[in-house]
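Order of writing sets the labels: A, B, C and D. Residues in every chain begin at 1.
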Amino acid sequence: MTPLTSCLLLSALLFVIGLAGALIRRNAIVVLIGIELMLNAANLNFIAFWRYGPNSEALTGMMFVIFSIAVAAAEAAVGLALIISLYRHIKTANIDEVVSMSG
Amino acid sequence: MLFTIFAILTLAGAVAAISLRNLVHSVLALTLAFAGLAAVYLLLGAQFIGLAQILVYIGAVAILIVFAILLIREAEPASPSMVVSSWVGSVVAVLVIFGTMAWAIERSAITQRATGSQAEASMQQIGNALMLRFALPLEIIGLLLTAALIGAVTIALREKGEGR
Amino acid sequence: MILAPPNTAAETADQIFVILRDWIVRHVPGGLQPIFSDLISVVAILAVFASLFAITTVLERKGLGRIQNRYGPNRVGPFGLLQPLADGIKALTKENIVPLAADQTVYVLAPVVLVVAAFSMYAVLPIGRNMALTNLDAGVLFFFAASSVMELSVFMAGWSSRNKYSLLGAMRAIAQMISYEVPLILASVTVIMAAGSLSTVTIVEKQAGYTGILPHWFILTPWGFAGFVLFMIATIAESNRSPFDLPEGESEIIAGYFTEYSGFKFALFFLGEYIGLFAMSGLGITLFLGGWGAPLSFLTWVPSYIWFFAKLLTLIAVFIWLRGTLPRLRMDQLMNFAWKFMLPMALINLVTVGVWEFLPHGVLRWLVCSVMVVVPYVLLGRGLMQGWKVERRVYKFAE
Amino acid sequence: MLGEGIAKGLVETARNFFGSYFIKDRLTTVQYPEERLPQAEAARNFPFLVYDGDDWLAGLRCVSCQICEKECPPKCIYIEKSKDKKPDAIGKPQFYPTVFNIDVSVCMSCQICVEVCPFEAIKMDNDFELSTDDRFCGLLWDRHRLALPNSHYQKIHPTDAAVSDAILAEDKAKVDAKAKAAVENKASAATPSVAHVDPGGSSTQ
């Protein structure tokens, strides 16, 4: 297994773990944690391709990760603000109970 | 060798983060996953990214999540089930996605022809790239962060007439 | 790294520890040499700063005592100098209590995380010429990454104790640390801009020259002075020391996040807090006070590490002095100070550095930059003090 | 301006710090076991039993009337009355305490025993170093341990002691006068030879 393959496999595993967390768990915060994990998996992919791919001196992958980390921070802030707001309205962070628009 | 250790650490942290019942525990496991990932970045020669990962994810995002958990007072949810009602379908979907990705990685030609160039990014290069070639994205990210900051404050602010 | 043999006696004295380490390392089989070299440095750092912690505790208590018209500890050993030993024995022999309701794993892990994070900051601190453990390209970033982990350990301690005071203390501490981390990093960014490097070793080298007898330290510029003051205020707040000691305000929330800790774990918290303070002060010295450089050009023969520790002890003395002088702030005052004074000042300071770098050398840039620092200070200070009524307090029932 | 008050405060504490090495007023601590402040005359901590003369047992003023035992708010005094009598400070035959115990750990230094004692027999001592490592016997003081000579009382509380001595002297004078009158009455009533045998004679005067 080449180093790139192992990096990509780790990233894929991380992604599906995050996806599973986002899809399966009922708590909104765990869903957010899952999303963070998925973003991190994507970051790992960028770094791996920057490191083992061609044109590494252009730093494109690295820059992508820097911006992605910034976006992830913003996303976490807004996401948590949404969860807190949601909790304040319906007193729960359980996404199964947020059904007021499902008819 | 080191890569394997850090990969296992990361995956263990990630699995614990989404499977533990206690939310604070799962955030602490998440920081473990972040730290493992930062170590992997350092191993791959991305020093700046690895340290930024620790600074932003452990120092800011994890703390933010923890604060949110404490604010909504649901560290240990009382509900008997941790999973959504439609979890079977989700598991199948997740497995299918992983299968597809693993298959793609295994079969892809790009992994075979990876050059493995040893070029490391110095801080000088990163700074130059950020200030010259990527100056516009940097500005936009700054704008985005400001917008997110204001947005988050606006959303989380107590609405009028909602006082306790 | 193996260096060329030194030429003069002064140089030998300067490099004595490096020479000693290399001499020991030479007696180790080849493959283990790099690991062994690092190991010796790590052990030396641990020993030196742990004993500095011990000395500081007794100096602090004696200094505070003198400020408050009393002797400090003077019973154990000559002048009470063996007091830390007695304290250590006491801490080690005390019962190790873990509250029944506490989250055992997290509770035990929290002090360990704190101490590890605090000590890891020293990895990039140049405490003498050729005496930095590693010369990371992103040294300052590493430093702040390590210090941000300390916040996590504070939360772990506060949450796992299952005590409302612990939790309140942890919330306060984290809110305070996050608020003051912003001006702390912004104040450091000024130096990073001026030096053009994130490596601590390079930053020290950039301040090595002399004009006349005065050194090229960054503190001797308008923006550097402002940055240094901001940095130090933020450092005090980051390490939860008086007057920013709300998280552990004894009169309000017992001891904050380590209320439930006793014996050795409490000692670890204490150690971690002081080690963090020393590390932050060390970074302040590195960034603004020329690191291990001599303060005057004719004093360069004194070994570099002596200068570093002299500066560190001076800063510690100032911390003790401040602790003996200032009362604790209120939470709203704390937050107002961080966001309405420190942050704008740090941002203005950032602009000042840019102006300083662009203007030609001479009186003009001194004048412009001084004005750019002083005017916002006066205006922001006035804004901060708006609504204050400073008048003589009238005691209703006394007299 | 912002920081002015901080600077003023810093100057003050710095003056305190350096002044403590030179100026006595800036370092007011007394190093207790080695140095002691003189105690105020009114200082009191724990009662003691006054005795006159040299023999503590014979000279005890206490007549075991047990008023102090009854009045003591925390009930820390325990007295057993004697079966026989002996002459007290002013020469009257009185009971004396065979047991007189005070529990140090219970006593609250209220001085009520002193206030109620009609015989000037119990007074307050100013010794405050009563701690001991023997928490049973060491804290229950018996009459021997409680007994202190009048000279000690005169030394620690001279003013109060003078008052107390005056009262006793007055009482004694009264008793003596009464005895003299009794003797004279007897002398006038009975044969004069009896007066020489009477033990209550005014030998001191």
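Going forward, a residue touches a chain if its C-beta (ideal position, glycine included) is under 8 Å from a C-beta of that chain, and two chains touch if they have at least 3 such contacts.
Please read all numbers here as calculations on a predicted model, not as lab measurements.
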Most centrally placed chain - per-chain CA mean versus overall CA mean: C
Inter-centroid spacing, chain D versus chain A (mean Cα positions, whole Å): 83
For chain A paired with chain C, centre-to-centre distance based on mean C-alpha positions, whole Å: 35
Euclidean distance of C-alpha centroids - chain B vs chain C, Å: 30
Approximate Å spacing (C-alpha centroids) for the pair chain B, chain D: 79
Multi-chain contact sites of chain B, meaning residues that touch two or more partners: 48, 52, 60, 67
Arrangement of touching chains [line / ring / star / complete / other]: line
Chain-to-chain touches, reported pairwise for every pair that qualifies: A-B, B-C, C-D
Chain B-facing residues of chain A, complex: 2-10, 12-21, 23-27, 29-30, 32-34, 36-37, 40, 43-44, 47-48, 50-54, 56-57, 59, 62-63, 65-67, 69-78, 80-85, 87-88, 92-96
Residue numbers on chain B that touch chain A, as the complex places them: 3, 7, 10-11, 14-15, 17-18, 23, 26-27, 30, 33-34, 37, 40-41, 44-46, 48-49, 52-53, 56-57, 60-61, 64-65, 67-69, 71-72, 74, 77, 79, 81-85, 87, 90-91, 93-95, 97-98, 101-102, 105-106, 110-112, 114-117, 119, 121, 125-126, 129-130, 133-134, 137-138, 141, 144-145, 147-149, 151-153, 155-156, 158, 162
In the complex, chain B residues that touch chain C: 24-25, 28, 31, 47-48, 51-52, 54-55, 58-60, 62-63, 66-67, 70, 122-123
Chain B-touching residues of chain C, taken from the complex the two chains share: 103, 106, 136-138, 141-142, 144-146, 148-149, 151-152, 155-156, 159, 167, 171, 174, 178, 181, 197-199
Chain C-touching residues of chain D, taken from the complex the two chains share: 1-3, 5-6, 9-10, 12-14, 16-17, 20-21, 26-29, 31
